[in-house]
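First the structure, then my questions, so here it is.
Just so it is clear, A, B, C, D and E label the chains in written order, and each chain counts residues from 1 on its own.
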Amino acid sequence: MATFAKRYSLPGTSPGTLRARAGPVRPLRITVCDYDENTFEERAGLSLDECRAYFYSQKVTWVHVEGDASPELLRELGEAYELHPLAMEDVINTGQRTKLDVYTQHLFAVVSLVERTASGTRTEQVSLFLGKGFVVSFHEGERDIFAPVRERLRNGVSRRIRERKTDYLFYALLDVVIDEAFPVLEAIGEELELLEGEVFDDPSRRSLDRIYAVKRELVTLRRAQWPQREVLNQLVRDDSPYIQDETKTFLRDCYDHTIQIIDLTESFRETTSSLMDVYLSSISNRMNEIMKVLTIIATIFIPLSFVVGLYGMNFDTSSPWNMPELGFRYGYPLLWVVIVGVVVGMLVFFRKRDWL
Amino acid sequence: MATFAKRYSLPGTSPGTLRARAGPVRPLRITVCDYDENTFEERAGLSLDECRAYFYSQKVTWVHVEGDASPELLRELGEAYELHPLAMEDVINTGQRTKLDVYTQHLFAVVSLVERTASGTRTEQVSLFLGKGFVVSFHEGERDIFAPVRERLRNGVSRRIRERKTDYLFYALLDVVIDEAFPVLEAIGEELELLEGEVFDDPSRRSLDRIYAVKRELVTLRRAQWPQREVLNQLVRDDSPYIQDETKTFLRDCYDHTIQIIDLTESFRETTSSLMDVYLSSISNRMNEIMKVLTIIATIFIPLSFVVGLYGMNFDTSSPWNMPELGFRYGYPLLWVVIVGVVVGMLVFFRKRDWL
Amino acid sequence: MATFAKRYSLPGTSPGTLRARAGPVRPLRITVCDYDENTFEERAGLSLDECRAYFYSQKVTWVHVEGDASPELLRELGEAYELHPLAMEDVINTGQRTKLDVYTQHLFAVVSLVERTASGTRTEQVSLFLGKGFVVSFHEGERDIFAPVRERLRNGVSRRIRERKTDYLFYALLDVVIDEAFPVLEAIGEELELLEGEVFDDPSRRSLDRIYAVKRELVTLRRAQWPQREVLNQLVRDDSPYIQDETKTFLRDCYDHTIQIIDLTESFRETTSSLMDVYLSSISNRMNEIMKVLTIIATIFIPLSFVVGLYGMNFDTSSPWNMPELGFRYGYPLLWVVIVGVVVGMLVFFRKRDWL
Amino acid sequence: MATFAKRYSLPGTSPGTLRARAGPVRPLRITVCDYDENTFEERAGLSLDECRAYFYSQKVTWVHVEGDASPELLRELGEAYELHPLAMEDVINTGQRTKLDVYTQHLFAVVSLVERTASGTRTEQVSLFLGKGFVVSFHEGERDIFAPVRERLRNGVSRRIRERKTDYLFYALLDVVIDEAFPVLEAIGEELELLEGEVFDDPSRRSLDRIYAVKRELVTLRRAQWPQREVLNQLVRDDSPYIQDETKTFLRDCYDHTIQIIDLTESFRETTSSLMDVYLSSISNRMNEIMKVLTIIATIFIPLSFVVGLYGMNFDTSSPWNMPELGFRYGYPLLWVVIVGVVVGMLVFFRKRDWL
Amino acid sequence: MATFAKRYSLPGTSPGTLRARAGPVRPLRITVCDYDENTFEERAGLSLDECRAYFYSQKVTWVHVEGDASPELLRELGEAYELHPLAMEDVINTGQRTKLDVYTQHLFAVVSLVERTASGTRTEQVSLFLGKGFVVSFHEGERDIFAPVRERLRNGVSRRIRERKTDYLFYALLDVVIDEAFPVLEAIGEELELLEGEVFDDPSRRSLDRIYAVKRELVTLRRAQWPQREVLNQLVRDDSPYIQDETKTFLRDCYDHTIQIIDLTESFRETTSSLMDVYLSSISNRMNEIMKVLTIIATIFIPLSFVVGLYGMNFDTSSPWNMPELGFRYGYPLLWVVIVGVVVGMLVFFRKRDWL
C-alpha cells in the first residue's frame, strides 16, 4: 500500500514543527539562477549563506533545492526568504496533497510529480514559492526535472522566458511538473492496449494482476491530478498581485492540460473496469467450455457403461427368463447397433443444443 | 487504444512551440471564400501569399486549411491573420480537448468531429478562429466536411448565410461538425439493436466483443461531446463582441443538438451495461442447462451401473448366502423392474424440481 | 432500438429547413377554440385560411393541429401566427428533446407525451406555442389527448379555465401531457410487483427478458422527464411577460408532479437493479441445488461401483492369495454390510455439511 | 409494489378538484387546541361549525384532523381557514411528495411519517398549514402521533411551548414527524446486525429475501427523507414572515436530525450492498466446496473402477498373451498395492492443491 | 451494527431535554487551565463550584470535562458558562453528527474522534465551545486525548500557544481530534496491504471477512470525516467574531488535513472494492481449476471403463458372432494399445485446449 507513504505529524504536535525525515539521505544540492532580459547567472551547489545573498538581488532569482535537506537548513532557508513556517512544514513533511496557499508574503503551491517505475506509479512532491522577485522550488526526487527550463533560460533561443518575470518562471516550472503525467499516461495506455489483446485472446491470472495494478496506478494518478486542476483554476481566476494577466493565458493552457490528463485518466479507468468485466466473463466462458466437454463425454459413456455392465451379470442362464440375449446368435452385433444408436442420438441432441 | 492518439509536447518545452507532426503527409489545400450579400468569390489551392491578401478584404473572408501543413507554413499563416501563438500550437498538436478560448484578437474554438470507421469511432480535431471580418478553419482529416456550407454560400437558394456576417458562418461550421455525430449515433443505435437480438437469442463470444467495442466507441463519443456542450453554453451566455444576439438563437439550437447527442450517448451507455448483464446471465443460464443434462444422465445411470455391477460379481455361489438372486428363475426380469423403477423415480424427482 | 426514432437534419443543412416526414400519413385535423369568460366557440377540421383569421381575434384563441401535416402547410400556419422558423423546424422534425425556448414573439415548449403500448414505452412530441392572445399546439399522435381540456372549456362546471387567459390554457395543456406519465408509471409498478413475485418464486428466462424490457422503459421515461422538470422550473422562475404570477402557483404544482414522476422512476430503476441481482443469485442458488444432487448421487455410487467391480474380477482363484473373499460363506452379506455402511456414512457426512 | 400507493388525478382533471378517496373509511376526528401563555383549552371530536369559530380566536389555535374526511368537509374546512385549493388538493390526494409551498395566506408543508410494520416500511402523509394565529394539521393514519405535543401543551412542565407562538408549534409538530424515523432506523439497524451474522455463518435463501426487503425499506426511507431535508433547509434560510428568528435555531436542530437520518440511511444502504456481495460470494464458496468433494471422490474412484473393470474382462486366457496377470499367484494383493498407491497419490495431489 | 450507537430523544420530547445516559458510569473529571502569556495555572478534579469561578477570569480559560457526567451537573455547568440548552442537549446525547453551530454567546462544534480497537473503528463525540475568554470541551471517552496540548501549554518550549488567545486553543484542540484519524488510516492501510497479498496468493473465507470489516470501518471513517471538512470550511470562510484572521491560516492547514483524510479514505474504499473483485475472480479461477481436474480425469477414464466393461460381458461365445475379440491370441495387448491411444488422444486434446 505504497499510497500510504504519508508522513504526518503526531496528533497534538505544535503546527509548524519541522520533523526530521526518515529514510536514506540523498545529498542536498542548491542551484540558483539569477537573470533578467540581458544577463544570466547560474550557480550550483551553493551553501546556505551564498544562497541567502540572492534574496536581495534586483533580478529574477530562482532557488532550486534538490535532495534531502535537514530540517534546520530548510528552516534557515525559509527564514532567509521569509517563507511562512506552516508552508515550510509542508515542504518537509512531503506527501502533502496538491494545494495553493496564498500567504501575505508569497504564493505557495504544492504539486505532484507523477512517475512510473517498475513497481507502479507514484507521486513526488514538488513545492513552489512565488514571492516578489524570487521563485523557490523544492524537489526531493532523484531526477533533475527542471533541467529543460534551465536550458531554456541559459541559451538565447526562446527569449520569452528571460524577458518575462517571476510569474512566468513559476508557470514554466508548474508546466513541467504537470506535463510529466503525459508520458506516464501514454505508457499506461500502451499497457492497456496489450492487456486488452491478452484478455480477449488468452486471459490468465497474470492479466488479472496487471489490470488490478493498472487500476491502482490510475487511482494514484487521479488523486494527484484532481487537486492540480483546482490549483490551476484558482491561479487563473484569482486576482492576487503575484500573477500578471499575460501569464494567465499561459496558465489557462496549463489548466487545459490538467483537464486532458484527468479526461484520459477517467477513460482509462473505465477501460480497466470493462476489461475486468471481460476477464470475468472470459472465465465464465471457459468454465462453460470445460463443462460442455465433461457433459458430452459423461452423458455418452455413462449409459453405455450401464449397458455393457448389464451383460456382464452372472445370472443363472439355465433359466430361460434370465438374460436370454446372451445366448442370441447375433446378440453382440445387435448390442453394437444399440451402442452406435445411443452415441448418434446423443450427438444429434448436443448438436441441436448447439454444444458441438 | 486509439483513444490515446494524443500528441503532446515534451515536458519542459517552451509553450507555443510548433512541432512537426508524425505520420504520412497528405497534401495541403487552402480554400478561401470571400463574400458579402451580393458577391461571392471562391478560390481553392491558394498559396500562403495569395491567402494573406484576403486578410484586408472588407467582406466576410473564410480561410479553410485542409490536410497536413508544415508548422512553418501554419506559423506564417497564423502571423498573417494575427492568430495567437498558443492557439496555433493547439492547431498543430491535434488531439486537443474541445474548448473555447477568448483572445483579444479573436475567438478560438477546438471542436471534435466524430467519425465511425470499420475499426471504431474516432475523433478528428477541427480548429476554428473567429476574428473581425474573417473565419479561419483547420481540418486535418480526409473528407471535405464543409462542402455543404460552401455549396449554400455559392448558390442563392438560402440567402441567409450570405446576408449575415462572420459569426453566422462560424455558427454554420460549428453546426456541421456537431451534427456529424448524429449519423454515428444512428449507426451505433442500429448495431445495439442487432446486438440485443443476438444476446437474447444466441449469445456468443462475438457478442461480448461487440458490446465491448461499442462501449469503447461510446466512451470516445462522450469524451468528445461533453466539452462541446460547455463550449456552446459559453458561446450562448458570453457577451463577447464577436457573436451578435441574432446568431445566439441559432447557437442555442446548436446547443440543443449537443444535449440531444449527450442524452442519446448516455442512454446507449446504459443499454450496453444492461446488455452486458444480460449476456452474463445468459451464460449462467446456459451453464445451468448443461449442468442439468449432466446431472440427469449421471444420477439415473450411476446407480444403475452399481446394480448391474453388483450382479457381475463372482462370489462363490455354492454357498447359499452368496448372491442367491442369480439363481432365481425370474431374477433378470425382476432386475429390470428395479431398473425401470429407479428411472421412473428419478424422472418424477426431476419433474418435481422443474428440471424437465 | 426504438429509442433512436430521431429524425435529424443532414449535417450541413441550412437551419430552419422544413423537411418532409417519412412514414404513413395520417389525416391532418385543425381544431380552433376561441373563448373568453362568457363566450365559447369551437370549430374542428378547419382549413388554413379559416384558421388564419382567428389570429386577429381579441379572445383567447387555441389552435390545435393533430396528425400529419405537410411541411408547406405548417410553414404557412407558422407564418400566419408569426412563429419562429427555428421553432417550426423542431415541430416538423419530431423527436426533439423537451425544452423551452423564449423567442421575442412567443414562448415555445417541446414536451414529451409518454405512452405505454404492448411493445414498450415510447414518447410522442407535443409542441406548444404561447403567444399574445393565442396558444398553438401540435401533436402528431393518434389519441386526442386534449379532449378533457376542451370538455372543461365547453361546459360551465369549472369556470376558472374560461376566466383566465392564455397562460392558464398553456398550463392546462402542459399539465395534461405531464400527467399522462402517471398511468404509465402505475402500469410499470404493477408489472414490477408481478416480476418480484416471479423472480423470488420461480425465476425463468422470461423474467430476465421482462426486467430488461422494464429497465428500457424506465430509461425512456427518465430521458423524457428530466428535461421536463427543467422546463417547468424555468417557467416558474422566469419573469417573461407571458406567464402571470397567479398561473405560476399552478405551474409549481405541475413542477411537483414532474418531481414525483422522476422520484418514482428512479425508485423503479433501483427496484429493477435489485431484481436483476436477485435473479442472478436465484440462478446461482439453483445451480447449487443441481450440483448438490449430482454430488450426492455420484459420491455415494461411484465408490460402490468400484467395490462391486472389484469382485467382478476374474483372478485365478486357485491361488489362495487371489480374492479369497469370493469363497467366504458369508462374503455377499458382508459386502452388503460394507455397502450400507458406505451409504450411511456418506449421508451423515452430507447431513453435517447441511446438504440434505 | 406498495411504493406505488400514489393516488393521482386523472390527466386532464381541473386542478384543485377534490376527489373522494378509495379504501375503508376510518372515523374522522377533529381536535382543537386553543392556548396562550396562561390559558389552554382542548376540545376533541368537534363539528365543522364549532371548528370554524376558532379561526377568529386571538390565541394560538391548532386544528388537528385525523382519519378519513370527506372531500366536501375538507373543502369547507379549507374555506373556513382560507387555505389554498391547490394545497387542499394535496391534502386529499395523499401520497404527495414532501414539500414546502409558500402561499400568500399561509405556509403549507407536506411531510412523510415513516412507519415500520410487519410487511415493511411505509410512509404516511402529514399535512401542516401555518397561518397567522393558527396551525392546521391533517393525518390520515391510525396512531395519534401528536399526543406527546398535546401533553406538553396541557401540563405546565415545559412552559416554552406555551409561551411561544404558532411557528414554534409548527416546529414541534414537524419535529415529531421527523423523529419518528429514528426508531425505524434503529429497528432496521438491528435487523441488519442479525442478517450480517446470518450471511457470514449460515447464508440461506431467506437471508437474500430479507436483504432485499431491507433494501426496499431503505429506498422508501430515502425517498421520504431527502425532500424533508430540503424543506427544512428552506424553512431555515427563507425569510418568510411566518417563522421568527428564535424558532429558526430549533428548526436548524431539526435539520440536523434529517441529516443524521439521511446519513444513517445511506450507511445502511451501503451495508445492504456489501451484505449482498458477501451473500453471493458465500454461495460461490459453497459451490466450490461441493465441487471439491465431487471432484475428490470422482477422481479417486473413476480410475480405480477402470482398473477393476479391466480384470473383469473375459478374454480367453488360454492364450498366454491374454491377461496373464489373472493367473499370477499374488495378482490380487499386487492389485491392492496399485489401488492404495493411486489413492495415496491422489490424496497427496489434493493436499498439494490445498483441497483437503 | 455498532454504527447505530445513536441515542436519540423519543419523538415528541421537548427539545433541550437532558436525558440521563445509559451504560456504565465512568468517573467524571473536570480539568481547568487558566493562562496568559506569562502565567499558567492547571487544576484537575475540580468541583462544579470551583469551575464556575473561572468564568470570570480575565485570562484564557479552558474547561475540559471528561468521563460520564450527570445531566444535572452538565446543565448547571452549561448555565454557569451561559451555554445554549440545545447545544447542551447535543453534548449529553452523544452520537451527534459533526457540525458547527453559531449561537449568539458562543460557537459550538461537535467533532468525531476516530478510534481503532480490536473490534473495529468507532467514533467518539468531542464537543467544543468557544466563547469570549473561554473554551469548554467535553469528551466521554477513556483516553486523555488532550494531554499533549496541556503539555505544550505547561512548558515554555513552544510559546505560541500561550501567546495566542482562545481561538488558537480552539484550533489546537480541533487539530488533535482530526489528526487522530491518521494513525487509524495508517493501520487500515497496512491491513489492506496484508489483505492484498493474501487475496492474490491464497484467498480464503477469512480474507472476505476482513475485507468486509475494513469496508465497514471505512464507511464509519467517511461518515465522520465528510462533515468535519464542512465544519472547517465554515470556520475558515465565516467571519464570526470568535476566530481571528491569523488563526484562520492554521485552520486552513487543519482543513487540508481533513481533505487528505477524506482522500485516503476514498482511495482505500476503492481498494477494498477492487480487492473484493479480485477475491471473487480468484474463487472463480479456483473453481475452474477444480473443474478442469475433474473433467480431465472423467473424460479419460469414463470411456475406458466402457471399453473394459464391454469385454466383461458374458455373451455366449459359442456363436462366432459374439465377441470374437475375446478369443484373439493378441486381444488383450491390442486392447492396451487402444487404451493408450485413447489416453494419449485425450491428453493431446487437453493440451490443445490449454488445460494442461
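To be clear about the criterion, a contact is a pair of C-beta atoms (placed from the backbone, for glycine too) under 8 Å apart; a residue touches a chain by one contact, two chains touch by 3 or more.
All values derive from a computational prediction rather than experimental measurement.
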Exercise for the section: Return the distance between the CA-based centres of chain C and chain D, expressed in whole Å. Expected result: 25
Fill in the blank from the handout: Here the gap between chain B and chain E, centre to centre from mean Cα coordinates and rounded to Å, is 41
Practice task
Find every residue in chain A that makes contact with two or more other chains and list them.
Solution key: 280, 284, 287, 291, 294, 298, 302, 305, 309, 312-314, 323
Handout entry: Arrangement of touching chains [line / ring / star / complete / other]
Key = ring
Handout entry: Traversal of the chain ring from chain A via chain E
Key = A, E, D, C, B
Problem - Contact set on chain C toward chain D in their complex - result: 145-149, 152, 158, 160-161, 175-176, 179-180, 182-183, 185-186, 189-190, 192-193, 196, 200, 249-250, 252-253, 256, 259-260, 263-264, 267, 270-271, 274, 277-278, 280-281, 284-285, 287-288, 291-292, 294-295, 298-299, 302-303, 305-306, 309-310, 312-316, 319, 321-323, 353-355
Completion exercise
Listed in rising order, the residues of chain E that touch chain D in the complex are 1, 3-4, 6, 8-15, 17, 84, 86, 96-97, 99, 101, 103, 202, 205, 208-209, 212, 215-216, 219, 223, 276, 279-280, 283-284, 286-287, 289-291, 293-294, 297-298, 301-302, 304-305, 308-309, 311-314, 323, 326-333, 335
